[in-house]
Every structure is written in C-alpha cells, then in structure tokens.
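Provided herewith is a single structure, encoded as structure tokens, for subsequent inquiry.
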C-alpha cells in the first residue's frame, strides 16, 4: 500500500481523497492544511491524520507520496519540502504562474530526483485517450488542423478570477497541453484575441471571458482554441482533428441518452454533464492510478514538470499576444 | 413528346400535372373531370384541354398515356376504357379496394396488353432506393427483421376516412409494398392489432388510427409495421433493416440542418418535412420518369398490376386479422 | 451493516459480491455453493465464509438478507429455506419457469412475510429511470405505442439455451416487465412470431433466436418488442414511447464519444457498450441499494414477487402464441 | 419577361443559363464569349444568340440585365460597358482582385445608377437563411463567437490557383461576407495564419491550402474561419454561432439519410453533398430570383457593390496578415 499525504483540503482535496481511499494500492495517511479544521473535516470522511504543516506531519507519520492541491502560490514551497524529503510528488496544475518560480520547482525536483507528475487530467479522459490512439494509428493521415472548444457552464467567483493568473493561464493552458500531447509537436508562434462579453466584473478585474487562439506548430499544422466562461447549455468540451486521410471528432457527454420530439422541438437531447468534476471524473482517478503505477515501477510520470513548463510558457505567450495585439514567436 | 391525358384534377392531379409539364419528354394534352370547372382550373396552370369524359376527349384529341388519379371507385371503369383504347396506364394506388374488381382491372389490362404502372411512389424515393441498393449489395447479410414506421402528421378529414377502405388498405398498404419490394419475399401469415386512440370520430366511422402489424415471410424473416394517424412532431418515415452482417436505417428528413442548444434543450433539430407531398416529392417525379422510360423502351413498369394486387391482398388480410383477432395465413 | 448471504457463485454471484463489498451499508458474510471450491474462489476476492449448504451456513453464521443467484431450478427450495428463516430475499429473475412452482414461492414468501425483491435490474438503469420520469411528467401526453428493441451481441452457449426456459421466458421477459412498469398497465392479449435465423443449433434445441411480439394493453395502447440473439454491431437496447403530445427515445450507449469521417464513411461512431454487464452495470448496483434501503426502512421492494409472476405469465403467453400461431388472451 | 445577356460561358455560365431558362420571369437572349464556339455550345442547350463581344450583341439585340461570369480580370471592362448601356448587372464574386480597380467598378455603377448585385450566393442558402432568421429572432442572445468551417473536397487545378488571387481572396472571402451578414458588424482587426500542407505545387505557386483566421468585430465579438483545399470526406460547410442565450449550428448535408452499423462501424452516414454546385445549388437560383425581383420592383439588391468591396478589403487584410505575420487593423 502506497501511503499518501494530501496537501490541501479544498474542492480538489476531496476529489483526490476519495480516489486514494478507493484505490486498492493506496491509502490516505495525512491531510495538511494550515486551517486545521478543514483538514479534520476531510479526514472524518476519508481517514488519515490531520496536520497544520508538513513539518508536523513528517515528525509523527511516514508517507510515500504527496498530492499538492493547495493554492498555487504555495506550490514552490511545498514542492521543495517534499522533494527534499525524497517523496514522489503529484502537483495540481498550474505548477506556478511565474516561469522563474516554476524553474525553481523544476530545479529542486531534478536535484532530489523525485518522481513528479502534474495534473493535466484531461489527457487521462477515456474519450481523449481513444482520440489519441486513433490519431496515432494513422486514421487521419497527416495532421492539418486541430480545433479545441472548451467552454465552462458559468464563470467562477470574481475572487477566483483575480488570483487565477488570467484566463489563458487558468483555462487555455489545459487546451494547450492537449494540443502538445495530441500533435507531438510544439508551437512556433501564437496569436490570441480576447474580449470581455459575459460579465463586466471580469473585465473590471482585468481579465477576459471570451478568447480565441491560433497556434502554428513547427510542422505547419494550425491549431485553434476557443474558450468561454459561460455556455448556457452546459460544459462544452469538443475536439476536432482534421488531416489528409480523415477527421476525428469528440462530442459532448450527456446525463442520459434520451431524445424528445414534439411539435416544437425534435430530437432534443438531455443536458450535458454538468462541469469538470462530472465530465472528467474518470480522468482524475486514471491519472492518480498512473502516478501510483509510475512510483511502483520506477517509471517516469506521463505528464511531468516539463509538460507543465511548456504549457505555462505557451499560455503566457497567449496572454502577451492578447495584451499587445501581436503574434508572439516561441 | 409523350402526350398525357390526366384523369382527375384533385390534389394528386396537380402533382402529376406539374411533373408532366416540367418533364422534357412529356406534355399534358388533356385533363378530364366530370366537374369540368375543376379540370379547367387545372389547365389554366399547366396547359392542355379540359373534358368532362374520356369519350369526349378521345373524340377531339390524341394521347399516348393516361394517368388515373380520380376517386378509387372510378378506377375499374377508366382502366377498362383506356386499356381498350390501347394506351399506357399509370394508376394511383390503390387500384381498387375489392379483390374481385381489382382482378377485373388486371384482366382487361392483360387482354389489351397495355403498359400498366401503379403509384407506389415510395419505391422511387431516393433514400429508399439507396437503402435497397445497399441491402441488395449484401451489407446486412441475411435478412432477419424489418421495421417500418409510418406516422402521419395529422388525420385526414372524417369524410376521407369513410371512403378510404380502412386504415390498412389506405396507409399500411404502402408499407406492405415496400416490404415485398425490399425483401423480394412474400408473407405467409400476418397479424395486426389496432386501436382508436387519437380521435373518437375515427372510431365512430368504424376505423382505427393506431396499428401494429407483424408479417412473417416465407424465409422466416419477421417484419413489423407501425402506423399512426397523428405524430405531433411531424411526418415520421423510418425503415430499419436488421440482418446477420449489420443494420441499415433511414432517418427522417428535416426542413433545414440546424441544431440549437440552450439551457433547456440541447441539439434540438428543426421540424420534419411536412407531409407526403414534401417528403416524397422527388419520388413522384421519378416514378413518372420511370413510366415514360418504360413506354419509350417497351419495358414493363417496375411497379405493376401484380404488385398492386399483392399489396391489397395482404392489406385485406391485415384488416381481417385485426377484425377477427387472429393470425391470417396467406 | 447489513449482513448478506450469497446463494450462488457464478457470473451473477460475482456481480453481486462486488456490489455488496463496495456498499457502505452492506457486507458479504457467506457464500454458498454445493461446489465448495467455487464459493471459496469467490470469497478470496470479496471476503466472507464459504459453505456447501444453507443449513451449514446457518449453523455457524448469522445473516440478514440473501441474494439468490443459483440455477433457476434451485430457487423454490432456497426461497423456502430463507423465508422460513425470516430473512429478506433478493432473487434473480426468473423466480421460476413454472407458474405452479412460482406460486409456491409466493406462498412461502407471503406466509413468512419476508421482504422479497426480484432482479429486473433494467428498471434501475439511469436512462430508463429518466425515461419513465419524463413519461410520468406527461411529456408524451396519452400513450399510443411503445417499442422495445433488445438484441444481444451474440448467442449464449447451446447448453444455456437448453435450460433457459425458451427465448420468451429468458429474454423477452425483461422487456415485458419494462412495458408493465412504463405503462402502469397490463396486456389483455399478446401475439408473438418467431424464427430461427441465426444458428441452426438453437432451432435443433427447440428454441428460436429472432422474435417479434405485440402486446395490446387494457387501455388499447399497442406495444412492440423485438428480440435477436445476435446483433453484430453490439448490444442494442432502445426504447421508443409515442404518444399524443410527443415521442421519447432512448439511444444506445457507446464506449466513447468519437466520430470519424473519411472518404468511405462519415460520422462513424465507436462501438456500443459490450453486453449487459457493461451496459446495465449501474442498474445492478442501484437495485441492490434499493433492496438495502427497503430492508432498512421496512418498505416493500419496488420490484417484488407479483412483478415476477406477471412477467412470467405474459412471457409464457408469448411462448404459447408463437407455438400455436394464435393470439393469446390474458 | 426579363431578357438576360450572359457574359461568359464557363462552368458558372452553365449554372446561370439553366437558372434563367427555368425562371418563369426570365429568358436568355444572348451569350457572349470571345471564344464564340463556347458560347454557341451553351446556346444549343439553353437558347439565345451567341456573340463574340458585347458590342456586337448590342448592335443586334436588346436585353435588360447582364450576368457577368467571365474571368475576373475582364469584370471592370464589362461592368463599365453594361453600366454605360444602363442595364442591371449581376457580377460573380470577386468583382475584382484589386481595391483600386474595384473602386473604378463602383464609380461607374454609381455614375450610371444601374442595379448591381454581387454573387455571394451562400447568403441565399436556405440553411444559412434559416440560421440568420433564428439569430435575428434573438435565440442566441448577445453574440459572443462565430465559427465558420469551409473545406473543399479537393483542390482546383494549379492553373486556377495561379489566377485565383490567393486563397483568402478566392475562398475565405465567402466566409468573410457571411460573417459580416450574420453579425451586422465589421471587423476592426484580422489575423490569419496559413500553411501549405496538402499539395507542394500549391506552395510552389506561391499560395497556401490550409488557413485559419480570427476576426475581432467592433462589438468585441470574435469570429473564426478555417479553410482547407482538401477534405477527403467531402465538402465540409458548417457554421456555429455562440451567444449569451444559446448556440446555433448548421450541419453538413448528405446525399441520403441512411445510417449503417456493423461490427466495425456503427451509424456510418452516407457521403456529403459533393461540392458547391450540389450543396449550394438552391442558393444560386434564389440569388437570381432575388436579382430579378429587385429589377422588377426597383429595389436595391441585397448583396451589392459595397458588400463586394468590404469582403475584398477584409480578404486582402487576411492575406497581408498571413504574409507579414502580424495583426492587421481595419
């Protein structure tokens, strides 16, 4: 049994606590939160011991791996502590919002040679995995264009927006990682255009809520991303891959498989899966399984610090392109 | 140019008049209706001469072929006159509602050896033709089951119901003909069950508005037909063919190809094509073209008197099965 | 914690063992199989104690409820023993294949007043539940017709066919139960027509592999069921409900939500969920949860002995209709 | 009857000749082509008189309106001649490939005050019209994003590419016009990125075959266009409109409405409508009808010289953006 320490007990803390508690090869032994009450509430549901700090935890308990899902600005400090302790690290995305601090994270991880995985969970979504397998099998021939649609059902609270690092580093970064993963290629230039069309408060907070991005890859392949903070019909997640031999498309998942027809509408479909916890639920469990498998076999996590670095670098370039109204070379 | 005489100037008269007037190898030379005013109104739109009777017409004008779309009870008399005159005949379905009179029609047609086509237009529908081609190419392997869904958008007037010959001879007969055509097989027994669930006035007129039929074919293949006089979402026409190697399905046609998603419905499709004149518009033109082609080449019409006879025989067996609550052997 | 005794350790035994072992309010304490080795293998995976007989089990251990998933011909004896012991019973469908013996089961259950549930799991399928909720909410208005398509991906072994009780009691019975549940109505007459088109060995075993059934309900509503032992494209489970105000349809579930287009095919969809353990996986867990809930609250199971009796009675009528080529009144 | 003179007898010449010959209020009286043989071949099919030049035509025949579908570089000269003669003009897109020459066209049209329509036929497509009607009715609320997918089934000959004016002025211009029409808005900046991924000969001819464009509108609405010279699965024409209250999507049209399922594919759809003459066939007839209606009622054509000018201006900006790798302000 792999003993897990959970750093953070917010929404994602609960997601990971449940996954670990149900995994046959893992157990939750510690939950850390400076707000001890929050950690205690979590262990009442999923077991383990609650601590205020990692140091206190390490004094009284042994663990093999840590899942870091605390606020982004605490990642560098926690990664350093866990790496120095020689434990495997699973870090929620983004690793950090500054390239400089992210490189410090990488340094410490490389120095102490600990397994490091970053939580780009969407790579583990069964539909996305099937998509990539069919792409790799050659069904679309040579890649020409990719299209990612990623629209949330509703905007997060303004407080979240303010500390999110901006729309591109918060949301588009997921799509950027998927593009790099699907194409096995990297962008040479990006262009982003964005507006605040949904909620003026988002604009007042200095951010945008509607964005389009074009990435031109080394190979000449063109990639499009569109993001919206609010799709009234639900969480809209689609990928289209267009190549010389055909096209692959992923479609939205629905709550049930009913259709309805009357004199006004015909074939109305039921609602989409609500949001990322519902739509990507399986992917979180699969990425933790993969992390456990990597630790047990000594193999390198599929999504590691360099993936995290590359995605942030591109997201920051998108942000810059939008701010300065120009193409940004990479 | 093939000269056509049109017997009847009701709704179907207009359909055929338009088709003939637009066909490059045909012209409308005469329209006959005992109600001369009705015939005159039609020729004002599509040309030709109006007459009260076929006899008057033949005295003053020559024609090569007749399209009979007058009331069903006049078919036998008109078929006899046209056949004796040695002209090609296209007769709307049903040829007649009595097997005895239908056999008289066949006798006179056989005696005078005139080309005879019966208006089972749905065989000429491009979607049905494509379906049959793919079936014949072996894509479904050995046939196991067929399913025909045929539901009207709304019931006809009660007056029409009363002289329709009953639901099975009026509507189900189309599906029966399609089954015989698609399977190249004939039923050995039928069972029909029916109810009056939509309009009590239909029941009061001695008819039904909701019906299901099972046909067991010589080959053991099982065929299902369902009919309804009223589908609020529109004219519902679907066929499903299930066999050892796969399944073929035809879907409903829609006015446009839009879909719409909001917080209540997602992917609502636009309305279905309204009714048979819209949905099967192309098929009427194609069946007339085929008739013209047969006359010009001396070949036998694809859908002839024997098809009309077989379909009526089966439809009457369905009616009997429903009336007596028993299986009817054929 | 509710202590469960599992009677049977075949394929369904594993399904229920897993569900109980994962349920927060249940634990598996005993597994019984005259073939003790089979019971031992199961408990190695899911815990509990293995016994050859219920008597031995009861001498050494206490339990609160039994799940009977042994061969059908053992149900009567086991139901009697468990009922006399005053324990709650969950019995796989069919309870028995003879109406006489089934009525003996009911007698003993009624006499000892034990909670009794029968495993018509498809009622607990989330898609079917959503379908029924929308039907009950009035979205289709007055019911006119129901259509159930239920086709297996491939036939079971001939040995299974031989002891299955015939196609109608083995397969159609599921659809019959769904129809009664969805319509809140009962058939007044049934007609079934069937063929052996898929595998001659099934015919040689005295059974059929392709069947169509019409049920006419008290209300006049017409219901169609079609069954096939082999759909090469996968497990095909669809329901269509047609009424005065609209139509509801359930569609097949697919492994992933990809579509593919090339010059030969466009929008090909991935494969269907393989078979009932995959397609109806959730429903088994939900029916056990419901059973546990009923025991804890003292309420009557949603699907009980009378549902089992009614479904068998109708399935036997279908079998008779097919055998004698006639309508059977109920 | 409106008498039409057709300037040009190439592929589009045949399209317009057929439409005019079938229109109840129009007749084809003259066809002009310096290659007289080509004009003669056309009139053998559709009637009228053949001439080498417009001058010769005007000496011997009267006409009311001209359709200009000759090579683009002849448009300015022909527009000038017809405008001076005071006749109504329908000009195929693009009016010209140079803004300077296009402005000369506009000057002469304004000076002689002749009705002028430009052939952006896709506005007249019934699906696009239905899309716009529903957009105008407010179904999507405030516009946020538009997406146009426009991919040809196969590239044109290299000779066509060389004189096409470049991919943006040849193809993207259609999508640009649709965006302006759908949004009732104009772009303030464009960014285009393009590659040559399909055929090296296109690259050798100085052009691209794969392109993505972002248009930011005055309102802040973001619009995406993607174009490809080769979609192996067929002519791909889709529009998606995303707004605060919902989403509208148009889907591809197929030859028939069949789907097919076997053990490898499920629900494969038949091929898309082949290319623009098939997919947009109705739109050409509707735009000519609209032109005739405008002439008869003295109203201004829905798509006029200013629409042609705006679309070219934006297409040239896209070309510049692609060439110089920068955003272009408008």
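The first chain written gets the first letter, and so on, giving A, B, C and D; residue counts start at 1 in each chain.
Going forward, a contact is a pair of C-beta atoms (placed from the backbone, for glycine too) under 8 Å apart; a residue touches a chain by one contact, two chains touch by 3 or more.
Worth saying up front: this structure is predicted, and the values here are computed from it rather than measured.
Asker: Do the two copies subunit B and subunit C share over half of their interface residue numbers, or under half; same or different?
Answerer: same
Asker: Have a look at A-C versus C-D and report the one with more C-beta pairs in contact.
Answerer: Higher C-beta contact count between the two pairs: A-C.
Asker: Which chain has its C-alpha centroid at the greatest distance from the C-alpha centroid of subunit B?
Answerer: Taking each chain's C-alpha mean as its centre, the farthest from subunit B is A.
Asker: Centre to centre, by mean C-alpha position, how many angstrom separate subunit B and subunit C?
Answerer: Computed value for the inter-centroid distance: 43 Å.
Asker: Just how far, in Å, is the C-alpha centre of subunit D from the one of subunit C?
Answerer: That gives a centre separation of 59 Å.
Asker: Hey, how far is the Cα centre of subunit A from the one of subunit C, in Å?
Answerer: Centre separation, subunit A to subunit C: 41 Å.
Asker: What are the residues of subunit D that contact at least two other chains?
Answerer: 232-233, 245-247, 252, 261-263, 270
Asker: Mind listing the subunit D positions that touch subunit A in their complex?
Answerer: For this pair, the touching residues of subunit D are 141-142, 144-145, 147, 151, 189, 191, 193-198, 210-212, 214, 216, 220-222, 224, 226, 228, 230-233, 236, 242, 244-247, 325-327.
Asker: Contact residues on subunit A for subunit C in the complex?
Answerer: Subunit A reaches subunit C through residues 126-127, 130-131, 134, 139, 245-253, 255-263, 270.
Asker: Residues of subunit D touching subunit C in their complex?
Answerer: 232-234, 252, 254, 261-263, 265-272
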